[in-house]
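Alright, structures below, take your time with them.
One chain, chain A, appears in both complexes that follow, with chain B as partner in the first and chain C in the second.
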Partner chain A sequence: MQSARGGAGLLRRAQSLAALLGILILAIVISPTASDGSRIFLQAGNLTDILRQVSLIGIISLSMTFVILTGGIDLSVGSILALATALVAMFLTRGYTTHIAVAILAAVAAAALAGALNGAVVAFTGIQPFIVTLASMIGVRGLAKWLTNNQNIDIGFGKDLASEFAAIFREKAIVIGAYALVAAMFWVVLARTVFGRHVRAVGDNEKAAEYAGLPIRATKIWVYTLSGLFTGFAGVLYAAENHQGNPNAGVAYELDAIAAVVIGGTRLSGGKGSISGTIIGTLIIGVLTNMLRLNNVDSNVEMMIKAVIIVLAVAVQRERNGT
Partner chain B sequence: MKRQSWISLGLGGALLLSGCGVEGKKQFVVAFSQANNAEPYRAAQNVFLAKLLAQQPDVKLVISDAQQDNSKQVAQVETFIRQKPDLLIVAPNERAALTAVMGQAMEAKIPVICLERDILQPNYTTYVHSDNVAIGRLAGQFIVDHLTKKYGTPQGNIVAIRGLLGVEGEINRDRGAKEVFDKYPEIKIVADPVADWIQAKAKDRMTEVLRAQPKIDVVYGHNDPMAIGAYLAAKELGREKEMIFVGVDGLGGQAGGIRKVMDGILAATFVYPLCVDKAVEVGNRILHEPAFKPEKDYLLESVMVTPENAAQMYQQFTLPGMH
Partner chain C sequence: MSAYLQTVGITKYYGGVCALKGANFDLRAGEVHALVGENGAGKSTLARILAGSTRADGGTISLRGEPVEIATPLDGQRLGIGIIYQELDLFPNLTVGENIVIGNLHFAEGRTVNFRRMEEFCRPFLDQVGLACGIRQTVATLSIGQMQLLAIARALSMDARIILMDEPTSSLFEDAAERLFGLIASLKHRGVSIVYVSHKMDEIFRVCDRATVLRDGETVGTVELAGAGVNDLIRMMVGRELQFAARAARRPAGETILAAENLTTSKIKNVSFELRRGEVLGIAGLVGSGRSELGAALFGIDRIESGTLRMQGGSIAPRSPRDAMTSGIGLLPEDRRLQGLMMRMSVLENATLAVLTEISGLGFIHRGQEFSVVAPVARRLELNCPSTSAPVSQLSGGNQQKVLLARWLLLNPSVLFLDDPTRGIDIGAKHDIYRLIDQLASDGKAIILVSSELPELLRCCDRILVLNEGRVTAHYDAGDATQEKIMSAATNAEVRT
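Moving on, here comes the complex of A and B:
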């Protein structure tokens, strides 16, 4: 039983990896060339552009994978990201603190708190996660707008604390490094820890998990808290990258994150899925976007092509697994 | 795998075909990063730009649409930088977010035209824009003249319908008009609801204002769609004859504000220049005249559209392909 499931998982991952490789090869083949004849797609600068561009959604989709593995969903991530961008910018530009770390901690803590609230309501009331997080998507967006009076908080390019923060955290290496670190962490937690096994067990069969005496409520509260926390961290990176706290940031990010998770082969009903799959799913979207943009495909056509790719990526995996 | 290779083939073929160009004498590539195609003003910019550049066989235009998302626009400009176009035009979604990446384009020796919205640092070759404070003053003066004519002395009740708070256009169209109103103590702004530039929202907000305000002389919409929304609300309650409606933008075409002046719905609108014609004029000189040094800043004047000149303005500002 255990080995069969492991085998199916491996096959699924192999297939999403094949999809990524297919798109990579296509991207290389059709890449426009620079004046020296080299393929623009393969330039180191372009490849790291892709990694940086997917990092924020990438980080959100990692914690989203945990939520979806428990059979849940988190629609509030876009709003929580906006809240975090607003808070970190407020702390840095309004003299609430003289330490960058304090501002980051405040933003991440508030985001984690919002996530914990999601988790507590899901765990204790039994209301569907879709509804709970739909409500907090609206409520947290309202909070972010209220805190900022619906105005952006610009971060400049000078020598002040906020500018210093942006200069550090918009650095490509820092952003990509952060994504890699968080990805490694989530991979280890899911694959190697008791908590990781609980996450899967809750989504696979909640009744069985209950009879086995697993801490279902605690597991649920934790996954939503982590989702809030890491989305908050992504919000901090967003603020640095875009030089602003923005209460309107992150609209529809929940859908991008969910798309990355399902393209990566995680079952939306929970129980089955992997962190490596989500990383691959994130990269598929990133490479696809970059490929279409490099070739100047009309942006309306771009959306239609993406729609087809998402359905195909999931369909191929379903077919092979017979699920 | 079989299925994937089919997709790859189809996609690759389509892209290759679209990428084929005629080789010959020097072809210039002009890349335009548009903030959001969904706004009528910006859609009109795209149409106008495409039309102007279509007249030049040696120039190829590519447009990307950031769908009002800062991160998306930053990524799209990064991709343009990899492609090294001969000219980059950016209509920034928000000032802080695009500042750094436009600096990177300048470092890559790509001439950059900043269109309509400014950024935090002068990371552009030239900036083509209009002046919203001046437009606000023009609108304010038109309203004062109307009220003076109506009552013999400058007095009356104004409803201002505001755009998205915190946006430069909203702040300055509001400020310019208030500078004029403030000189006349008998002129009062009795309500100033926020409708985020959206016609449907303006109709809802105006409905509430109409319930609360027994006497309204002028509605000043910070853009035409909001002024039209307010008109629809007043018409529903049978009060549209009691007041006049003034807007800003003055787009051509059937759906634009100039048509609404001809139809007698708006008393006046103030053309907010598309800025595209000036950008093309300056851009062409940058492309074709190596010695040409553009001004750092080109400021474009507004035009007042009233029933007297509306038909003529309609001819001038309506472009083929505009609806």
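Moving on, here comes the complex of A and C:
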């Protein structure tokens, strides 16, 4: 009885992995074939394209997992990403600096600061995270537009600093490598560190965390700060990939990131979830999108199919005993 | 006089725990009948069964000699039985009028709200209870006393001939309580029967005609209060056997480690005591007497408004549990599920939560060390679990409590406040916890033990402090204390020594 219930957790994790495998097999089976008879889906170029396409949302959803584990939510990530794209492009194209690293650091630091502000307000006022980050989603978007006069800041293809930056950071290997590195880091932090343990404890039972003397406020401030920081980093990659700083970038990214987290089996009310689940959730969305596009499915239909997948994934993984 | 409402052999189980086993009770028309007993005796459960909000597992209820079935609150309403819960089940964000008419079989609601009709329906009942407020006023803006009157007006509007009141004065100030007693007298005069669940002896003797005493889910007996005294009732309430072997002989206590002087928070008033190393100080008192709130004051949860707290001679003023822990105070909370455990985390993770910094380096938890520090503590507590990586939700109540105790044993504070540590756990685990308390005291720890079970306090403690309404009403050495003395001090408001 007890081991059967202990096995249920494993089974649920296996279920999300099985869902990913199922979609992979379906994608292979229905993949259109190239002139030489090979399946386009399986071509190395296509597979790495998928990874590259999911990398930005993937990075954001990793830090979002920590926020959601504490029982919070971060709706401001799309706006913070836009701010970071704008800042990195401004620093590079307007001669504020001669070092690529300085521009990147400035953008990431500003994003982390925005996240820290979210965290401080959540931790010290007790206002619901949904409302706090909804407000900063609006406010930070405004800041990004104000800084840029609502203009895209283009990054060229020449020999200047900005072009050099874009050439490096739009490399597939760099983008995918960055995602893999950040994922490994979050995995280790959640599984092995005191901070990771605190994150889960606060989300599991905040009252009990108080009685155990845990640093609840510091934990909350840190998860929102990390969310801002890594979203800022994703913004830097976005600017390189799209050759521009765009104050209107990242709209609805928060929803994509949350979708990846919940498909991965993390409870929206906190306390239970995993980084491996979020990675699987991110890949499920990526493979699904790629499969539908290869088969020329209308992008509007694609959205409808995604909607069904999200509900199905969560329904299958839902805990039946209500704890 | 024949019984108006009668119950025979009512039983009720919650999971495997028996809340009522054979409760017999009869109520006459137009009487005020007290239902008394210790915490957990089954008073509230019986009241809920009569009102239909809880279903009995066995036994019969009859009204005017006819057997009746009360499966839902609506059944209760049809039979003329109303209940005023201790926590007042009103809708705080709805209006006074809406609270009265909602779910009321005597008011036919139309498709739209008609305030004039609502006013006509509600006003007579509001007048009867003496509540002068508009029917459009939001309930949250009323005082607790006014809410109570509203709850009674609602019961009256449902044509209740029997009104059950569960601890009606627990949150009322003196003048509001007086108004309630006046209302009870006038309701009785009009032939309404009232079941008055309370443990306040002075009130019971003042407003009630008869009292039925419950103990451990069974009816001990019913007495006419006119011919009885407080001590008769208390004897009936406590007569539980001392079922535990007496504690091993106690070594002399060491030096004073914790001293509170006139400690006052919003919930406790002028509480003073001294606690020595190697000593177990018992705190007796009913739920709401301030016993858990004393822990909240010591552990930095409730703000200390005045008075002093000295730990090993130095003055302390803990502002958070973390502060208190740094000063060497630990607290095992009353509700292990809400305040203690992370139900989705493992036994191991729950046990080490407060000592993570000691078993980690550079922020990384040493897993081997984590396992090796928990193993001996788990053995000492005789913790029974499939593996320490199993979620605590899979353990029995007693083992869950042991996991929480393990958390404190690992932190090893000099003063440990145990808030009702044996609540809802099996007898074997209780004995293990008693043994642990003895051991900790022998090791020179100072223990404060809160308990609802008097035999438990008599078994474990060197001294016993009795609290009532936030004040210390008695202070006994273990040798002088009896269940009767403690219960008497816990139920009477006047100070005695």
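In the analysis below, the second predicted complex is superposed on the first by the 309 of 323 C-alpha atoms of A that agree within 3 Å, B and C clash if a C-alpha of one lies under 4 Å from a C-alpha of the other, contacts with A are read in each partner's own complex, and residues count from 1 in each chain.
FYI, contacts are C-beta pairs under 8 Å (C-beta built on N, C-alpha and C of every residue); 3 or more make two chains touch, one makes a residue touch a chain.
From a predicted model like this one, the values you see are computed outputs, not experimental measurements.
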| item | value |
| --- | --- |
| Contacts of A:Tyr211 with chain B and chain C, given as first, second, both or neither | second |
| Partner chain(s) touched by A:Ile100 [first = chain B, second = chain C, both, neither] | neither |
| Touched partner set for A:Ala112, first chain B, second chain C, both or neither | neither |
| Chain B or chain C, by number of chain A residues touched | B |
| Which of chain B and chain C A:Ile30 touches, first, second, both or neither | first |
| Partner chain(s) touched by A:Val194 [first = chain B, second = chain C, both, neither] | second |
| First, second, both or neither for A:Gly271, with chain B first and chain C second | second |
| Contacts of A:Ile68 with chain B and chain C, given as first, second, both or neither | neither |
| Footprint overlap on chain A, comparing chain B with chain C | none |
| Touching residues (chain side chain A, partner chain C) in the complex | 2-3, 5-6, 192-195, 197-198, 200-201, 204-205, 207-215, 271-272, 323 |
| Chain A partner contacts - residues on chain C that touch it in the complex | 299, 301, 320-322, 324-325, 331, 333, 338-345, 349, 353-354, 356-357, 360, 363-365, 367, 386, 390-391, 393-394, 407 |
| Chain B residues within the chain A interface of the complex | 1, 3-5, 7-8, 11-12, 15-16, 18-19, 37, 62-65, 67, 69-71, 74-76, 78-79, 82-84, 94-97, 99-100, 120-121, 164-166 |
| Contact set on chain A toward chain B in their complex | 18-19, 22-23, 25-26, 29-30, 32, 34-35, 40, 43, 45-46, 49, 53, 56, 149-152, 154-157, 170, 238, 241-244, 246, 249, 251, 289-290, 293-297, 299, 305, 308-309, 312, 316 |
